[in-house]
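Listed after this line are the structures, all set down as structure tokens.
Two complexes follow with chain A in common, the first pairing it with chain B and the second with chain C.
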Partner chain A sequence: MATISATSSIRFCSSLKLSSSTTLQVNGRTSTVKVTHAGWKSKSFPSLRCTGFRVSCSAKPETVQKVCEIVKKQLALPADSELTPDSKFAALGADSLDTVEIVMGLEEEFDINVEEDNSQNITTVQEAADLIEELISKKSGA
Partner chain B sequence: MKRLTGLQKQVLALYGGFLRAARAKAPEERKKIEAIVSEEFHRNAKEVDRKNFIYIEYLLRRGAKQLHQLKSPNTISMFTVPVPSPPSKPLP
Partner chain C sequence: MFCKRGFSMHTTVKSFCSSSYLTTIPLPSKRETHMWYITPDELKDASLIDQYLNVLSPSEKENVIRLPGDKLQRSAILARTLVRTTLARYTNSVVSPSLFKFRKNNFGKPEVDWQCDKNWKPPPLHFNLSHTSSLIACGVTVDMPIGIDVEEKQRKTRNNLSSLARRFFTLDEVDYLNTISNPEIQRQEFIKLWTLKEAYVKALGKGFSAAPFNTFTIRFRGTSRLSLQKCGHSNSEESEIIVETLAEPKNVTTNWRFALLELASSHYVAICVENKRIKGVENDPPLLKVWKTVPFIKDELLSETDSVRTISSFV
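== the complex of A and B ==
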């Protein structure tokens, strides 16, 4: 039986070269493997903003639940109506003005401030919940 | 949702501004203000011709002024009086 312990360290150089060295220890015999992975040689790091990158972590179920309740209240939907996270506001009979009302209701409920640009891009419950989580974490982090 | 035009974005921003300003008012008045504002926005969204830019811009300016008044802490409530409906088509 061989015991294997591996340690690896990842280092970010100033030129954003990513290198890792791995040390494997097998029954006392040590062999060092040095692996150099990819690196960005050029100075320009691909901007996350330009590529439309968004951190999309699925929001907590209770947040989604709360959002659903507020949406139902704002659109005056029957309490037992089906509302999934992927429901589009437009499909529920909401126009852009109703969407603003929903966002304002959410703002107040979660005590956050949604910027106009963001609020106008929300079309589903899931999107709203994700944005809320993002804003809450930003607020607690700041 | 389709991409919104600049004018549409302005209208939605104004609507949001009204709803935010209404929060600062007494609960009873707030309900009335929200009802009035919501009615007016929805009515104009339905009645005003979407190509009548001059009139929409006029409504935006008027709305911005009204919002400015509403934001003042001295303003505690809002009233409306019925007016004859404005032309929905641009004047020739």
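== the complex of A and C ==
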């Protein structure tokens, strides 16, 4: 499976101060930033945004994009929230009912039918997109 | 009845937060189940969240940073902090929260990956985590697989209940829901059934493929059915929650015990533990203890208070 790693950029708000123990490692094909200590100096809790993503060849970007839209809608996330293909539904605030409702939303959007034991197994955006494409191709192939 | 175990103190264990204070708790005896919970909306202090962030592992921190928005990041930090601090309490100060490592079993269920040497035998702790945006809970036992699930009582679903029930529940469960005429009570019973089924699958620890929701029925045994319709909630002294697999309906499995609680009048919590029969020991139902915690700051034992209403206790 081919993967492309885009450069990860992490932007911090001005009130975030990184301690000297932060390390930036660049090795081979990937660059990672390991934050070992971070402190918030202000009363409000600033958001950290990571714009890095990995693209795998398993599902079309449009499919991934549509999945993200449906997930955001179900979980009432702001439209400009940045989700990544490996975003976990649970980490985005989905409880178990949300997960099945996301899957039902995807079924409606893509006109597919997800088997029951798969509905609760889908835990990330990528997994959902991959399953959708698999079911679509099975449908057209049948 | 406590099962006291002695642990040799591991003198070279590093303490991460020098200012941390975490009450140590004796291990749950084999006849107890413990639950610790956090309410994220009450924990917004940035310096406290900062302290919690430093309890997390580097990869957990990385995962937090990638989440969109303050609320989700805070929730993720609190969830990891809850698991780490809760487990640390039961190691008699031997393992500090930041030192825990985790792994997943073959089916993806998280478990502790004890880093220990010959001098210290780690306690056989089982744990399970559940979160909603407004409550995060961690259940702990010794030697009993556990699953817990939390849902907001007022939770609304995008799809209507009967289509969800028809799709995911068994015929018996759908029939049961259909006997309830009051739509609000029907919705509550749907949520209760959902959390119980979820807790069961999580306790089994084999993933949802091993026990799809429509392959087992959860029912309330006893006179609770009638009392449910009359007064809107089951009588805890009379009802017992049981699970039947469709494959063997007559063979009601007593390998699993359930408890259902209403927490702070706002959430339903379902807990499922394995019923391990120990030779020569009375097979009493586990005693449930519930704490509300602000890690390092405050713990409140709430099990015997109004905050924790037992809808159905372990039997």
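Here are a few things to note about the model shown:
Methods note: the second predicted complex is superposed on the first by the 85 of 142 C-alpha atoms of A that agree within 3 Å, B and C clash if a C-alpha of one lies under 4 Å from a C-alpha of the other, contacts with A are read in each partner's own complex, and residues count from 1 in each chain.
Following the convention adopted for this analysis, a residue touches a chain if its C-beta (ideal position, glycine included) is under 8 Å from a C-beta of that chain, and two chains touch if they have at least 3 such contacts.
On a predicted model such as this, the values are computed, not experimentally measured, just so you know.
In the superposition on chain A, A:P78 makes contact with chain C only, while chain B stays out of contact range.
Contacts of A:E116 after superposition on the shared chain: both chain B and chain C are touched.
Residue contacts after overlaying the shared chain place A:S96 against chain B and chain C alike. Between chain B and chain C, C contacts the larger number of chain A residues. Once the two complexes are overlaid on the shared chain, A:M104 sits against chain B and chain C alike. Of the two partner chains, neither chain B nor chain C is touched by A:E62.
Within chain A, the residues touching chain B in one complex and chain C in the other are 90, 95-97, 100-101, 104, 116, 119-121. Interface residues of chain A facing chain C in the complex, by the touch rule stated above, are 10, 32, 34-40, 42-50, 52, 74, 77-78, 81-84, 87, 90-93, 95-97, 100-101, 104-105, 116-121.
The touching residues of chain B, counted against chain A in their complex, run 1, 4, 8-9, 12-13, 15-16, 19-20, 23, 38, 41-42, 45.
Chain C meets chain A in the complex at residues 44, 46-47, 49-50, 53-54, 58, 61-63, 65-76, 130-133, 149-151, 155, 157-159, 164, 167-168, 194, 198, 201, 207-209, 212-214. Here chain A touches chain B in the complex through residues 89-90, 95-97, 99-101, 103-104, 107-108, 116, 119-121, 123, going by the rule given at the top.
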